[in-house]
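As written, the chain order gives the labels A, B, C, D and E, with residue 1 at the start of each chain.
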Amino acid sequence: MTGLVLKDIRKSYGAVDVIHGIDLDIKQGEFIVFVGPSGCGKSTLLRMIAGLEEITGGDMTIDGERVNDVPPSKRGIAMVFQSYALYPHMTVFDNMAFGMRIAGESKEEIDRRVRSAADILQLTKYLDRLPKALSGGQRQRVAIGRAICRNPKVFLFDEPLSNLDAALRVATRIEIAKLNEQMADTTMIYVTHDQVEAMTLADRIVVLSAGHIEQVGPPLELYERPANLFVARFIGSPAMNIIPAKITSAGASTALELTGGRISSVDIPTAASELGKTASFGVRPEDLQITTGEDFLFEGTVSIVEALGEVTLLYIEGLVQGEPIIAKIPGILDVKRGDRVRFTADKAKLHLFDAAGKSYRAS
Amino acid sequence: MQQLLFAIFTMVGGVLACVVYFFGTNFLLDKMFPSKGLTGAQASKNLRITNAIRPWLFMAPALFALTVYLVYPVFESVRLSFHNRSGQQFVGFSNFAWMINDGEFRQSIFNNFLWLLVVPALSTFFGLIVAALTDRIWWGNIAKTLIFMPMAISFVGAAVIWKFVYDYRAEGSEQIGILNAVVVAFGGTPEAWMTIPFWNNFFLMVILIWIQTGFAMVILSAALRGIPEETIEAAVIDGANGFQIFFKIMVPQIWGTIAVVWTTITILVLKVFDIVLAMTNGQWQTQVLANLMFDWMFRGGGDFGRGASIAVVIMILVIPIMVWNIRNATKEMEGH
Amino acid sequence: ADLKFQPGEDAKFNWQSFEDFKKGHDLKGQTLTIFGPWRGEDEALFKVVYAYFTEATGVEIKYSSSENYEQQIVIDTQAGSPPDVAILPQPGLIADLASKGHLTPLGDETKQWLLDNYAAGQSWVDLSTYKDKDGNAALFAFPYKIDVKSLVWYVPENFEDAGYEVPKTMEDLKALTEQIVADGGTPWCIGLGSGGATGWPATDWVEDLMLRTASPETYDKWVTNEIPFTDASVVGALDEFGWFAKNDKFVDGGAAAVASTDFRDSPKGLFASPPKCYLHHQASFIPSFFPEGTVVGEDADFFYMPPYASKPELGNPVLGAGTLAMITRDTPAARAFIEFLKTPIAHEVWMAQTSFLTPYKSANKEAYANAPMKKQGEILLDSTTFRFDGSDLMPGKIGAGAFWTGMVDFVGGKSAADVAGGVQKAWDAIK
Amino acid sequence: MIASSRSPLVFVVHLSVLLLVALWTLPTAGLLISSLRDKDQLAVSGWWTALSTSSQNLTGRAASPETQVERDGKFVIAGRLIEEGDTKVSAFGFRPLQPTAFEAGAEADIGDGQTLTVREDGSYEIVSPTKMEGTRGQRIFYTASVPPRFTLDNYREVLNAEGIGASFINSLTVAIPATIIPILVAAFCAYALAWMPFPGRAILIAVIVGLLVVPLQMSLIPLLRLYNGVGAFFGVPAKTYGGIWLAHMGFGLPLAVYLLRNYMAGLPREIMESARVDGASDFDIFVKIILPLSFPALASFAIFQFLWTWNDLLVAMVFLGAGNEELVLTGRLVNLLGSRGGNWEILTASAFITIVVPLIVFFSLQRYLVRGLLAGSVKGG
Amino acid sequence: MTGLVLKDIRKSYGAVDVIHGIDLDIKQGEFIVFVGPSGCGKSTLLRMIAGLEEITGGDMTIDGERVNDVPPSKRGIAMVFQSYALYPHMTVFDNMAFGMRIAGESKEEIDRRVRSAADILQLTKYLDRLPKALSGGQRQRVAIGRAICRNPKVFLFDEPLSNLDAALRVATRIEIAKLNEQMADTTMIYVTHDQVEAMTLADRIVVLSAGHIEQVGPPLELYERPANLFVARFIGSPAMNIIPAKITSAGASTALELTGGRISSVDIPTAASELGKTASFGVRPEDLQITTGEDFLFEGTVSIVEALGEVTLLYIEGLVQGEPIIAKIPGILDVKRGDRVRFTADKAKLHLFDAAGKSYRAS
């Protein structure tokens, strides 16, 4: 089985191109997460896979069969909408049974499948309720249950957890992870804004930006080796600190002059031709450590201290134009606003991007 | 020219008077119990007083008009229904007794029930269909306008239009009524539609349905647009076809609006008389209550007692609708 | 005011009466509101007439009308805002207004005037006398502008071509009817359709035939229900009408078409080629519905609906209709207007235009605008009996209800006895 | 829309809408076409045949014998039965029973040695060896194929009628304030019923719904009596524009309040609360927030109310009177019909003349019937 | 000045009591955050302070003046609604100016104040736009700007950031923090579901549950010394792991027998009378460390591994009935599903609650 294949998929609304040619190969059973900034086309792509939007160009195949013109109900997909999209006038049971009733399944079969889905999602108690009598988390579970009952080959989620509160979000996320395990043969495609969801659930993450793919890869690969500035800033929260720099010596290890004048070196090889070029130097907030030694990366005045208990966020303003540099230090610190602090970082965890934003390491 | 000036002057004057009332009274209220710019206990006390008075200021003109133009006549009708034809002599329940024994009245009640069953249902149904279908096609707005048009045609016009449709010419001569022309084209014999007892009721109802569908359509179309698109897409993915989506997903979700439209048209049907008056004047067993009332009220000098008693019956018929609305209003109020 | 015929200019007008009236009435500055049934062309014609009143008295007239005049006058009188003078075509309605005390009696002098000056004067006085609030009879109305209904319309050239003669007796008319059928034609066009008023043309037929088969007294008893609707005389008249209308060969389209053919369309059959019919019974107003350009008297003509030769004692009865003026608010101007209607000039001015007939003997016949009108006027003046349209005299529920529907049922196949029984039942119900 | 909308179902949708639109417009279309037709044709052939050439049996009359000329010793009357044009005569006759006895162009012997010839183009010739007498011309029956003929005469007649312009203004004078005033009054009332707490609110709403059903005709006499009383008391006429505006308002209010309250109750509560925190009084809130936000509801009601007042005849007749100065357009047109009715050509044309203004109102207000007015105000809005 | 004082504030809807007597003393200039589970009455309390809900019982004073019956506009408050509640038909400028116009301020004053607020919130470019032409974050800022323009004594926020996406949420949060600094005299009351917001913004956090206060205190105090089980579980994400235990020896340090049989001791004193009672032992996921030694707290089989890059979450199921125990270990680990792992924790960071849920330490 070949799973789902997108070949140069394009979408335009009238003259506006929204998706600019997406190539993607999804294996059966894979859990794929689409992330990207608002408006980059995640939902559009998902809806094209579902068959809810027409495909303007390119080919889409599921299990080797071209499905561009196959109606949604014949694609073997199920979808969980961002806004639940429950049928407000039907009970939970009817909501889940609707698809099967339409398909003309037998009463027993419907009953069996709904009950088993309800079991998995702990909804058995609520089968007779209307959606409006359910809490947000329960509604979301019904939406998922409805999708499960369809027994799909491909499972689509569009920001399914975005309307839930923190605790529910964690709980439901774990349920989805379990579901993925139980339905090992089912391909899942998941759109989210949420870092944690993306990192924890995905087999592979697809980072989209303005209608094209920036990088595809397993979560940790994206975290450790972002292919470009965009991905680097997008994955991880708070975002990676980027400091403009100039390459002062190239080679197996590269020396840089950071804005502010400090000289640093990173263990990333660069070609000699890069010498003298401007680059972007990146370090994640959680990779920064406080040091009192002389071997620091940079030094700054703390403008905001955010103590979260578990970690403390320090904001250092003025070093880079416009944005503060953020450091995330574990535990509770005794740093106050106005303190001058020096930071250092593990050399292996530093990033370097060329003027066009491409990572020097990614090769 | 002079007339035009006068017209403009009166129009502006009338509207202005109305505006002045609302602004003036509120200005006075705020002057009497000032709160703006003040703080402290006095300000909040004044605010509470104004808050208690203001709803009544807002409603005063409406309540006044409703009382004078509708409530007062209702009581007058009830009073008249117990009086004789000139409204001067008390006659007890004899008007109602007459009514029960009157064949025409019973015929009207029967016909009215037919109307109540058919017209609101079909108007709403067609309005719904049109509203739903036109949302999906590019020329939907044109279609809507055309279907709305009968509402804009004056009653005189509507009557002419349908006389043209139902016109009957003897068999063999050229039919100028389209209905008969169609019948003849299919080899049938032409009929004088208005004279076929029982069925002629339906030919009359068609006219009201024709007019009211536009009303239902305008309101239901707004409601349909309020349905979350996602529920429909979810149904598409669930494999539902157009009909299933419409009847199982969309219609249940706008049930409330359908009920409002239904109510409004039902009430209209209870009042309808001009169509019957113009087309048959109740002949060939097409009489309805409102026209019967009109008949007794004004024909041949008028019998106010009997006319009023029929009006009272019409008003009694609406009580179930009223009760239903009270229930809805209170339920809604709890939600507020 | 603009006067259509300048006073003193045309000798056929009785200008003296105008001058006399002018001298006796100076009511300058007053206004008079008149509510009447005339709209459209008729309204314009009436305007010409009352311009002379204004010219003579200085009274400004405000005329209004309404499609639903019947209902309008009830509302206006009931609400206490009646016009000064109301002109209505329905004696039944007038009776009601009188009984509710909304009308002002016109006095014995007017009654005498009618007896003296109108042909068949007693008929007119009877027609104008109603019971007031207290049950006392008085003259409340003044008949003005009469329509003759006892007319049969035909196309003279068609008669000529076919060699038919205008019948002088009812027997002849029936013979002619059969003759036409024998010649392969269809004799009659009858259409009862009139929207909500469908059926009324048949009531004219029945009334006309009633006057020719029964005495005027019987007729009067019939319209007041002193004899029941099921009386043999009434059923007889119904069957007479049935002889014409219920025979598929006698009417265009067959008997089934009678009820549903519009009375306005029905006469057009006379002018079809080949003619769909040769005869049409209808009142004097019908030429308005003839094809455009039809000249009455040449392209189309009428004859008096003949009486039975076998019943000479009934003379020449005429069935008609008309409007009656009454004072709904007693003002000097209103009184003066009734006086004005007594002047020949008030009749002649309208006679000189169209669609106006009068039984006023002093009005100059020569003033009629054309020969057909004059001929109709003569029928009116020659009548030995004049009877107002019976259905208008009956209570509204009957005359404008059960009788109409009954006639529709009758041509639809019901027997005369059944129909009469039904109408009588309805009449009993409103007593 | 949904991708599957390319399925054959779409054609069904188009087709059904087309069918419905056709059904709904057909009667009106008939009226429109009829209003453009010749008034004699109106009553003899269906309007759908208006576009096709029809074969008709017609009757004409030759010129009177006074116009005869002598030619070659014979007396000749010549002329045309029909205007020059596309009309073609196929047959003719001189007896009503044999209207098609002769083919066009043939020579018919009409007795006394006279002959009649009617040619295809409608010209005729009567030739007589002797001098003809009389004043009436010979009747000629002919069968002609008449091409479609349309005319604006009906409209011209209606529009040229005396007082039409004044009535038009009267109608506007009635309809415009009778639309605006009730909307304003109803909107204030609806707001109070939807958003201002006071005792007895639910009952009041129910009563208003109940009043929806009061038959208008019922109220006429008591009200007019009241008007007369008030008029007499103040020494002013009882029938005034003010009076009819109030009457229209009274009759239109229940539905207006019912619809507007339903709409306003659906507006987001937070906006009102936010304004209240900002220090706005209920009056400020109503004028500055509710009114602009209720535009779709106000516009739809405005359409309906305008339609009713514009097309109304009864209320105007009763409360404004039927005199020439105050007659509204509907009243004027009805009067035009003449006391005996049946002038279909006037009816049809006037129906279309009255429809124009409401349609303009509908079109100009239709664009306010948009949704999305609340967009951006609240989340999910 | 005394700020805002709530004394035994109560609220009921008909027969339903929603708020059961809240006592709270808020100093002028303080930043107070209300947190609590959905439906606990946070919004209701805030709306009572605003004057939008009637107070059923108790007294509320602002600056010493009793305000129970003072209408909203006279209380000197401004409120930012959970759902923006912008006036959709007014431009941004008009939205902000509305209150001042109602109050009859001069044109110049209005202009000055709106512009200064717009400056602070970087809205100057958008002043002429309608709300519908703004992005979610901008709309939220307009709502805040509108409140600022009122120049209130008390600033109320009801979950102002709940519908924003992650990046916007962080940015706006920082803006609010800055605002708080600039308006030092203004009291702020803030309702949120979000841990991070609560921890970073609050001077004091008020934890509500079912209409009453569970604990009031500075963020770190709540984190480090939760007064009871409810607060312990509510503050911190993922929530504190709770393991049922039995007190086997009381005193200056307490010995426990955890479910599963391990014996452990914590540095929390207990009275002798507590001996033998059941208790709840708590440890935060981030305080757990992996150990290979014998001195472990407990041992378990990893059922889920969530690698977030920066940290790794380990879920250990089966130890406690119903819920997994979660450990949050910094960095990227080489632990796989099914591995058996031992955990230990710093003794000072352990928590102990009695059977009623009250902390033993809190005294």
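Here, a contact is a pair of C-beta atoms (placed from the backbone, for glycine too) under 8 Å apart; a residue touches a chain by one contact, two chains touch by 3 or more.
Computed from a prediction, not measured in an experiment: that's the story for all the values here.
Chain B has the C-alpha centroid lying closest to the overall centroid of all protein C-alpha atoms shown. Note on interfaces A-B and B-D: more C-beta pairs are in contact across B-D.
As a whole-number value, the distance joining the C-alpha centres of chain B and chain D reads 20 Å.
Centre-to-centre separation between chain A and chain D, using Cα means, comes to 63 Å.
Chain C and chain E, compared by their mean Cα positions, are separated by 94 Å.
Separating the CA-averaged centres of chain C and chain D is a span of 32 Å. Residue positions 71, 73, 102-103 of chain E are each in touch with at least two other chains. Across the assembly, chain B contributes 35-36, 51, 233, 236, 294, 297-298, 304 as residues in contact with two or more other chains.
In chain C, the residues that touch at least two other chains are 68, 75, 78, 195.
Contact residues on chain A toward chain E in their complex (touch as defined above): 37-38, 135-136, 165-167, 170, 174, 177, 193-196, 199-200, 219-220, 223-224, 235-239, 284, 286, 304, 306-310, 313, 315, 328, 330, 332. Only residues 35-37, 39-40, 43-44, 47-48, 51 of chain B touch chain E when the two sit together in their complex. Of all residues in chain D, only 39-40, 43-44, 57-59, 95-99, 136, 139, 141, 220-221, 224-225, 227-228, 238-239, 313-314, 317-318, 321-324, 327, 331, 334-343 touch chain C in the complex they form.
On the side of chain B, the complex with chain C involves touching residues 86, 101-102, 163, 168-173, 192, 194-195, 277-284, 294-295, 297-302, 304. Interface of chain E with chain B (complex): residues 65, 69-71, 73-74, 102-104.
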